[in-house]
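I have placed the structure first, in the form of structure tokens, so that the comments after it can refer back to it.
Each chain carries a letter (A, B, C and D) given by its place in the written order, and its residues are counted from 1.
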Amino acid sequence: MPDRYAYLGPEGTFTEAALLTLPGAAEAERMPYATVPAALDAVRSGFASRAVVALENSVEGSVPTTLDELATGEQLQIVTEIHLAVEFALLVRPGTALADIKTVASHPHAQPQCRRWLAAHVPDAEWRAATSNAEAAQHVADGLYDAALAGSFAAARYGLTALASKIHDVDGAVTRFVELSLPCAPPRRTGRDRTTVVAYIRDDHAGALLQILQEFFVRGINLTLIQSRPTGAGLGSYLFWIDFEGHVEDARVGEALMGLRRVCAEVRFVGSYPAADGVRPVARRGTADEDFAAASDWLSGIRGQS
Amino acid sequence: MPDRYAYLGPEGTFTEAALLTLPGAAEAERMPYATVPAALDAVRSGFASRAVVALENSVEGSVPTTLDELATGEQLQIVTEIHLAVEFALLVRPGTALADIKTVASHPHAQPQCRRWLAAHVPDAEWRAATSNAEAAQHVADGLYDAALAGSFAAARYGLTALASKIHDVDGAVTRFVELSLPCAPPRRTGRDRTTVVAYIRDDHAGALLQILQEFFVRGINLTLIQSRPTGAGLGSYLFWIDFEGHVEDARVGEALMGLRRVCAEVRFVGSYPAADGVRPVARRGTADEDFAAASDWLSGIRGQS
Amino acid sequence: MPDRYAYLGPEGTFTEAALLTLPGAAEAERMPYATVPAALDAVRSGFASRAVVALENSVEGSVPTTLDELATGEQLQIVTEIHLAVEFALLVRPGTALADIKTVASHPHAQPQCRRWLAAHVPDAEWRAATSNAEAAQHVADGLYDAALAGSFAAARYGLTALASKIHDVDGAVTRFVELSLPCAPPRRTGRDRTTVVAYIRDDHAGALLQILQEFFVRGINLTLIQSRPTGAGLGSYLFWIDFEGHVEDARVGEALMGLRRVCAEVRFVGSYPAADGVRPVARRGTADEDFAAASDWLSGIRGQS
Amino acid sequence: MPDRYAYLGPEGTFTEAALLTLPGAAEAERMPYATVPAALDAVRSGFASRAVVALENSVEGSVPTTLDELATGEQLQIVTEIHLAVEFALLVRPGTALADIKTVASHPHAQPQCRRWLAAHVPDAEWRAATSNAEAAQHVADGLYDAALAGSFAAARYGLTALASKIHDVDGAVTRFVELSLPCAPPRRTGRDRTTVVAYIRDDHAGALLQILQEFFVRGINLTLIQSRPTGAGLGSYLFWIDFEGHVEDARVGEALMGLRRVCAEVRFVGSYPAADGVRPVARRGTADEDFAAASDWLSGIRGQS
């Protein structure tokens, strides 16, 4: 069990709430960091055993900094996936009324998720950016702003009170967090796993993405996320972040990864881990490990006559 | 010529610099807005004729708010694409030295582009979020923070000075801006055009993206950007933002769009416009307008015997 | 109604039996020809209105001469498809017993269909080639051979008797015949139609067949037969005979044919006609005529704003 | 070296000429058989070591009996491929002039290859079927017919003379013969090999052929022949005979065959053997054995950390 966790702080963020769902995390040392890169560097340097950061949000999409750090920074590996329902409250200093609110602070990702509620209830309030919702709460406690968008669990920590809760516009919003470690043995496969890779295409040619997709399709593997991200080498030069069903120990996954490796300029393995939504994939006929083993035996029979 | 432009302000942003590259923009009224949605709403309401906002950056990737507003908000249309080289300066109040800098403010997109320079030259400075680089400059002018990351053209406007320039880590960074209008006739085709559409997949099924790509591939059309974005209906429910070579008046583009329309739940046409990088696409044999016309004549001949 | 039919004779063949299933054929003039090309030339020259020849057999496969004549000869068009169950009898001169049979004659296609029965019942008999089963029957009547494989309906015509019937090895064998005319208006669509085309690939390159198949696949069209045939320009130079579900008047078929025409060196339309097996195809969602019309209207709306 | 060869006789056929190109064949015992199945059964029973039969002709296409026997009969393996230029002569009894010729006999495959010459020089002669061109020559020698289409090498054997030679319509016609043995170790790979398999599709579903082609395409393998043949279970039920570049020992071929085995109901390996046309295939980047080995090492590295 890791004895020290790094996470995107400060205390009171959704990230800390996600971290606390991990077994043993409540008893472990938990170090908040100001930025995603800083939290990850704590693991890279060995100061912390693990880091927890947000990867993707069902409303706002993927978190570019996390994707880019894992795709192009010094290599880390996803070992756990955590889904956390996102529920926002409007935190204020005790005694503040809706009519008093001139400014509302939050992380830039939080504001659009509460846009309609804010327009309906505090239409004249101005929004202010904070580096995190918890920082926004701190600023409210300091008297800098009037209200903060944050999880209700952050209220107590900053001496605030929730003037309204569940103020997000869309129910069912979920944020996907990942627990990261130094490169290591992937967790055992459970049959309900997800794998993440980053694929760099070789040149900027037309059919590159189609070719990548066919490597998965021909082995009957479902993609659950595909995101292109700039490589930094100019507009139009991309890498692909790809999440898909299955574990690197699955025969079909192994063969698809080898195929990807052959057609791409570079492939980075970012991890195989239990899928938080726990749905067992329906593998297409002919793509189970037994099917691969049978086909391999058959081929050996043909070749082995040599 | 539009008489009033909306743009993501405040004055002194890269967006304003992009806007000023448009013919006639220097003489037109230019209205800064605090957010991308607000700038776009100025066009939707008819208050402004056009809006200019950032769409994509070669370092940081696509701008989620712009993509989401154009994909799911009230419909607008891209009429011009602008590429602008991104060069950052470190703006300070006159008299400030590097050693004095405790805080550096910027839009969240600017900080990662100068990460290495900051780590080397002001390693102990804390970064602070601003809603724009120009706002960061204003905060520096107001004495709230010590330095701002912004274009050097913003210095004069806020009474600041550039302590260092070209401090971005990666040379050649380019931001892609778009000029938006109410839905209208697309600009005439030039032979070097780009088209943008948003495709909603019908269900969350395995081969959906592959199917979409095949509609383009079979007509020999090159994609230049594909981004999945959450629809807000839960993790795993996506729409695709797709940029590709060609103009809606091209026969191959028309047929591909109709194909997309048939296989997708919904397709939104976001615009056909001259490509800022001006490369004439190399069309695959059999995909020119003449080829489509010849095939259509041939088919009519067969059917017309009826 | 055609007044004169050409068919692959002589009288008493399965082809004549197929011809007689056509409405009005019993009353029309029926001219037997010695070869498939000769029967087809009778239509080409205008001497006969229609010709009936075999195209494909469920045991022996396609009939090369018919395919080649329709693919590369002067153009004719399939207007009707006829399926006929194939049931062989062993025809002998009256008085002949199994033990008397030293030679069995038939068209080369008939022998393999009765191979097992012959091996079991007349193991020592030698097989002799005839240009048709009816010619074989004639040779038996002439005393040249001892027995003929033919339809039992041929017995009376040649003064023979069926020593055994239903002697074919595989039950359910069906031969597919086609009625041909000069190029003309295709029969009206019935919703249960088949279309035949011949596609010449442009060069002998790897992905040519894949490209052809994708033109059909992307429009949701099922192929029912695909045969490569040499073009005569050397081993490895092929054309493809393709049968598929749908009628040339179907929007999806029209678009696929135009696509084929663009990617292939040449495409010959061989006909759209009611499918003899009468199964209504299950069109993939988004491929019905209404879907094409809706997509076309949508595209016009986008373009028409110009 | 085989001591006894079976071949499709009688003596004097092109098949015997092809057989004689094999090293040592001239000194070995050569047994003519009346049918392709009989020649193959001689090997199956162990009576002969090898058999030589025709597989494909550049004018007439594949030889159905050979394909069907190798696809569905008791298993045999192709060990050598032989290409033989096809040149027809018109053989007659000494003293026969063109004007005397009322009947011309040949194997049904030979007649269409000389159609134009016959039409020009003996327009009134009737064609008669023989089970082989050599049998036709025998019949001419016996006085049954007036002329035979056959190789000029057959003249001497049957006491005939070549009244005209090179009478085939298309120059460059080639027949592809194969040497067959009992299942055995494939010949060593030469870098210029061909492999043959037979694939039974699982159900009669739309995308089956596309799926098969993708297994090859994704590994960069060129097909050189694909033929559908009925399985005998009804019109529309097919197997595919597939020839492609490469040797079963090639990594890309091995993986493609395993893929085929998984998606098909059954796959029969018919042989890997040096390609008679000796062209070294241009493998797509990433598909050489070294690429497969590198990808496999990379995967082991990822998995081996477990």
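Note that a contact is a pair of C-beta atoms (placed from the backbone, for glycine too) under 8 Å apart; a residue touches a chain by one contact, two chains touch by 3 or more.
Going by UniProt, the chains are A, B, C, D = Prephenate dehydratase.
Being a predicted model, the structure only gives us computed values, none of them experimental.
Peer 1: Can you list every chain in contact with both chain A (Prephenate dehydratase) and chain B (Prephenate dehydratase)?
Peer 2: The common neighbours do not exist; no chain touches both.
Peer 1: How far is the middle of chain A (Prephenate dehydratase) from the middle of chain C (Prephenate dehydratase), if each middle is the mean of its Cα atoms, in Å?
Peer 2: 59
Peer 1: Using CA atom averages as chain centres, what separation in Å is found between chain C (Prephenate dehydratase) and chain D (Prephenate dehydratase)?
Peer 2: About 24 Å, centre to centre.
Peer 1: For chain B (Prephenate dehydratase) and chain C (Prephenate dehydratase), let me know how many angstrom lie between their CA-based centres, rounded off.
Peer 2: A distance of 57 Å separates the two centres.
Peer 1: When you check chain A (Prephenate dehydratase) against every other chain, which residues touch at least two of them?
Peer 2: Residues 214, 217.
Peer 1: Just spell out which pairs of chains touch, all of them.
Peer 2: A-B, A-D, B-C, C-D
Peer 1: Considering only the defined contacts, which chain C (Prephenate dehydratase) positions touch chain D (Prephenate dehydratase) in the complex?
Peer 2: Interface residues on chain C (Prephenate dehydratase), with respect to chain D (Prephenate dehydratase): 34-35, 37, 56-61, 64-65, 68, 83, 108, 112, 115, 126-131, 170, 172-174, 176, 206-207, 209-210, 213-214, 217, 222-230, 232-238, 277.
Peer 1: Quick check on the complex: what are the chain A (Prephenate dehydratase) residues that touch chain D (Prephenate dehydratase)?
Peer 2: Per the touch definition, chain A (Prephenate dehydratase) meets chain D (Prephenate dehydratase) at residues 183-186, 202, 214-215, 217-219, 248-249, 254-255, 257-259, 261-263, 267, 269, 285-287, 291-292, 294-296, 298-299, 302-303, 305-306.
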